[in-house]
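Residue numbering begins at 1 within each chain, and the chains themselves are lettered A, B, C and D in the order written.
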């Protein structure tokens, strides 16, 4: 029976965790199987929760988020029989599968779309907690904007530096309004629960927003330009399924544009917002990135960004 | 006045203003009042005396609806009246002036007077109306106070007038005063009694609680004596004497005068020159005090509370910092910074019985034995390395408790469980038994009943006779006159003059205390 | 207070309070649609039903002993230290620096050094509010709350910009070197059935030593005498020559130091690295622990054990019953604080009356 | 900084100051009556949750407001029981209430909506809509006044104006009515009030209940005005900042307005100039985030000496003669 440890923020964060949860649910629907699920109570209870999951005999155990790296490094060896999957991080143990996403590439594409949708040539970004991963989103986004509109202005704000920054929609809304006052007319939120405030403010003020992780297009149809979806659901589904099939592979796997691990979402809620021209341009860039013709810089590789 | 008319109709003019029947009240195991009956006739001043804890305040608080009696009934003007709360007492025409005034310090006189007796939901009309009434009352009873002044700027005497005005504004016919003269100057006390007599002329009824037999003899028409929660006697004042009252109160003969031989002053122990103190609010509390105390004498400092005596004791006791020169046995004492604290003063040989035993002298939640080391906690006899030697403290406490007749003689009891007089004895034992070269004593008998007063006075005189210097601060002129070998009078942060007890009288001291040169008058 | 026998004051009343708190908690669980009795069974079983449970229960209890003692010491001086959270956070920084600074050959050397580091940093964080209270009269409740916020911002800054492993995403330090890691219960008491996973470690014994130390400090030393005197009456303390400045500073420094020591358990003992929010509310739990324990070390120990059980049991509960989230523990905790701390008289007065009726005039 | 930036900053200031202001006035009533309340935070949070939850279910923001005030009032009554009736420690009661609200809101939220403690997002009538003040458009072209009126003052939700009006109202109640006189007296010397024949208990409960209503408004504004729904811990320390503002304001209504505007401005500045530089050195974001807290400490250290709190604050009233 596989196990899923939902990270801080909860499984209904409309974002990262929810996506993982959806993947697990889809697996249940498709296979009729069942899985164990638990939610992390606090930062410091990671280890306890993870061990608890391993000790119930769940296999494989999927943990979500980079914050679990060091804990998993510590405990993986204690449960050699248990397979672990970590998303958004690399743990170099024989029984761990590490899954990375190329968020910078996906962000690049929504950046291109943002630049095309913007009439003021000013777009913005609201991040959650100020960590390198979020800078990776911001950096890819900024590169995409600049690639399409080299003179465009990209305003980048982080909500905060503590985990509460994932959960402060009021602040997110204020940051958005502040960005709007500086001319922004497209805002990209990579901020967990805070993003809800960002999208709300964008909808209230009549500008475009871009969602993240899950497809958030439905939250404010007509205002959410698109969402940079990160197929965590696929990763979870894949981990569960491959283990049942005996195909579980440890080691690092990267989910990127080429395998649809990241993408911009198009659905009935936003198809009127994205023009054919926009989609064509985005698809063009996507092909170039996959082929290597356009290289998107990864902020986390060296801690800097050419587009900032 | 509608309330008045309504009240008049109910009243039987011949009936006593107040009649209590079989009032009992217990606080847990303490029977504060048991089966008390009492009558107070209309238009009289009725005194109540009794030892500390006899139950006087409790009885009056029941009358004012502050406490609810366990048993018994109250008749006001001949008709039975339920008094569940103060509002009811006020409606029944009863007003009360508490020992600790119930005034809002940062409100004006006017606001304090109308508080709780406003005319309507808006403030302005009430205040306007009260202002007018206040002027009338002031004229009628010599109760002059500026209605717009803040309470905190008023002297105690004036604050007391505000309390009386409050009661009158509420149309009280019966006025209860609990130990009203404790903090007044003789002049203020005289004024108060004049007011009380005026009120009596107007047909008002007054109940007066006091420990001072002189006042009883002076103003009351009848007097009741309480003992251990019971009413033991009620007599006409003109038919009794202070001695008889004292005996009724305590249950034995009491010396009302201090027995002491002449002083044999020795070398100067304490010398104070040009002492200045400005407190944290920027008020100058001492403005150049000079005085000397010699070995084997008691220097009494008279003065109205708040004229710098407390500040003087606090500076000498190391509680407040000041400027000037103070020396003990010729050696200068630091007045600020290092060495200007209570511990160093005790090291230097100064004992200090503070004015306010509750606030300063004791930790009420410490046991008696812990309090015995209080202020001496660094003495080697109480210490073993970094640890306190609790056994030594206990042993010391037992001895002191026995010699000072602290009751109950139980060192394990927390200080708050001793009565006021016994708490005072604990402090005195601690500060006096070390035979300090200089003893600072503030208000040694405030609120203490006459039995304990006698004991405390004897001890102070004994210490003097052992050749120690004693600086006594008291607002009781009687006490100053009878204990001191020399008297200094303080007014407005300065020493107004020094007198020998044999060569002065209360009138002269009273003038000095009011800032006037007694001799000129 | 004198109307009650001591055992009633120390045991009976807290027990009734606790019962009321649990009763209301049970009500909340029932309202959520779960079975409170089953929940209670899971909690108790999870907390003390196995060596695994004990390993966590005692680990949490160790945290709470430190923070509880911290609140208790300050409380004897009538200082309400709500800053345990921030002080423990900084203590974590101190412990982490000590552990990473030197190549420790053996834990027995690293432990004393970490104790000093944690205590010093915790004390330093308490020093500023203490100073402001002593010299400027700034309300220590507010300043310590503010310092909790500031501490977390400071720690995040350091973790993100200074202490983080380069290239790593998570704002946390690298794991401490082998020589700085403390023996866990598995190592020193494996024969009791503790497994490798038990976070309980030798810091537990440090906590017990601290209990004894605080007892001596408060009731046996001169400093403790002075702290208590100051706590009961500040003017009287001045009269006795006790410097308020000294007492405020010293008691807050000790308090902060004790809070900082929590990091020895949580950071050095358990996580073996410094993460964001290593304190996870233990600073606040300390308030409840000190209140329930009547600021007495033995009481603090027992209350900490209780809260340790609550935490561990709560974690199990959350695991077993998905509908119950981690916030349930917060609710129970708040109810315990409410009933033992604020609504104490609701139970005390009737109990006092009852005792008066059975044995009148016992202590009077 | 150009004019339009300033206008936008002020606009943001007003929005961010409103919850602080309402909470601060709430604290003012309570503390003026002698009941300390560090549970403002928890009451706001509870009100935020219940207003959002009720608005989400009924679709009416007004019912939501009612529910929010109800929740806040409930906690006020708990605080009143603890600190007035049972004479418990007021600080401890406040701490407990903060925890209780933090836990219960998420627990109940999860139970009702299964959204991880969040409420569903609010839209349409389930949120407070912004109001355009009369003549806003007419006056807009005027220099200075126009933008100030049109962009700063106009265009907020009703609760912002309620907050602003609450300031003079509070002043009037406190200093011009019988109730205010008694309320201030009970915070200074409850003994005086009691002996004057007025019930201390009732007065204090009255103050605590008013505090509850105002906290309810503050919380409802957070969830249904400033944002569109509840998320856990959304009060984010505002209750504590409001307390600091109260001390800064020396317990006076008009000063409270200025103090809250100041804190609101700080917050707005922090949002607007997140990556600030001073003398060429980049100021860490963390510093900007912590600035309100640091400033609170500085203000407390610098000013509280001059501010005397109500004298009977923090102590339960026990009759003594």
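Following the convention adopted for this analysis, a contact is a pair of C-beta atoms (placed from the backbone, for glycine too) under 8 Å apart; a residue touches a chain by one contact, two chains touch by 3 or more.
Since the structure is predicted, the reported quantities are computational estimates derived from the model, not experimental observations.
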item: Farthest chain (mean CA position) relative to chain A; value: B
item: Pair of chains whose C-beta contact count is the highest in the structure; value: C-D
item: Between chain C and chain A, distance of the C-alpha-averaged centres to the nearest whole Å; value: 37
item: Between chain D and chain C, distance of the C-alpha-averaged centres to the nearest whole Å; value: 30
item: Gap in Å, rounded to a whole number, between the CA centres of chain D and chain B; value: 45
item: Averaged-CA centre spacing for the pair chain B and chain A, given as whole angstrom; value: 76
item: Residues within chain B bordering two or more other chains; value: none
item: Residues of chain A whose C-beta touches two or more other chains; value: 130, 161
item: Residues within chain C bordering two or more other chains; value: 153, 156-157, 160, 325, 329
item: Pairs of chains found to touch, sorted by chain label; value: A-C, A-D, B-C, B-D, C-D
item: Chain C residues touching chain D - in the complex, by the definition given at the top; value: 28, 32-33, 80, 82, 128-129, 132, 136-139, 141-143, 145-147, 149-150, 153-154, 156-157, 160-161, 284, 287, 291, 323-325, 327-331, 333-335, 337-338, 341-346, 349
item: Partner chain B, residues of chain C touching it in the complex; value: 2-3, 216, 220-223, 225-226, 228-229, 232-233, 235-236, 238-243, 356, 360-361, 364
item: In the complex with chain D, residue positions of chain A that touch it; value: 9-13, 130, 157-158, 160-161, 164, 167-171, 173-175, 177-178, 181, 193, 196-197, 200, 204, 219
item: Chain C contact footprint on chain A (complex, rising order); value: 37-39, 41-45, 47-49, 51-52, 55, 66-67, 69-70, 73-75, 78, 88-89, 130-133, 161-163, 300, 303
item: In the complex with chain C, residue positions of chain D that touch it; value: 38, 78, 81-83, 86-93, 95-100, 102-104, 106-107, 110-111, 117, 237, 240, 243-244, 247, 284, 286-287, 289-290, 293-294, 296-297, 300-302, 304-305
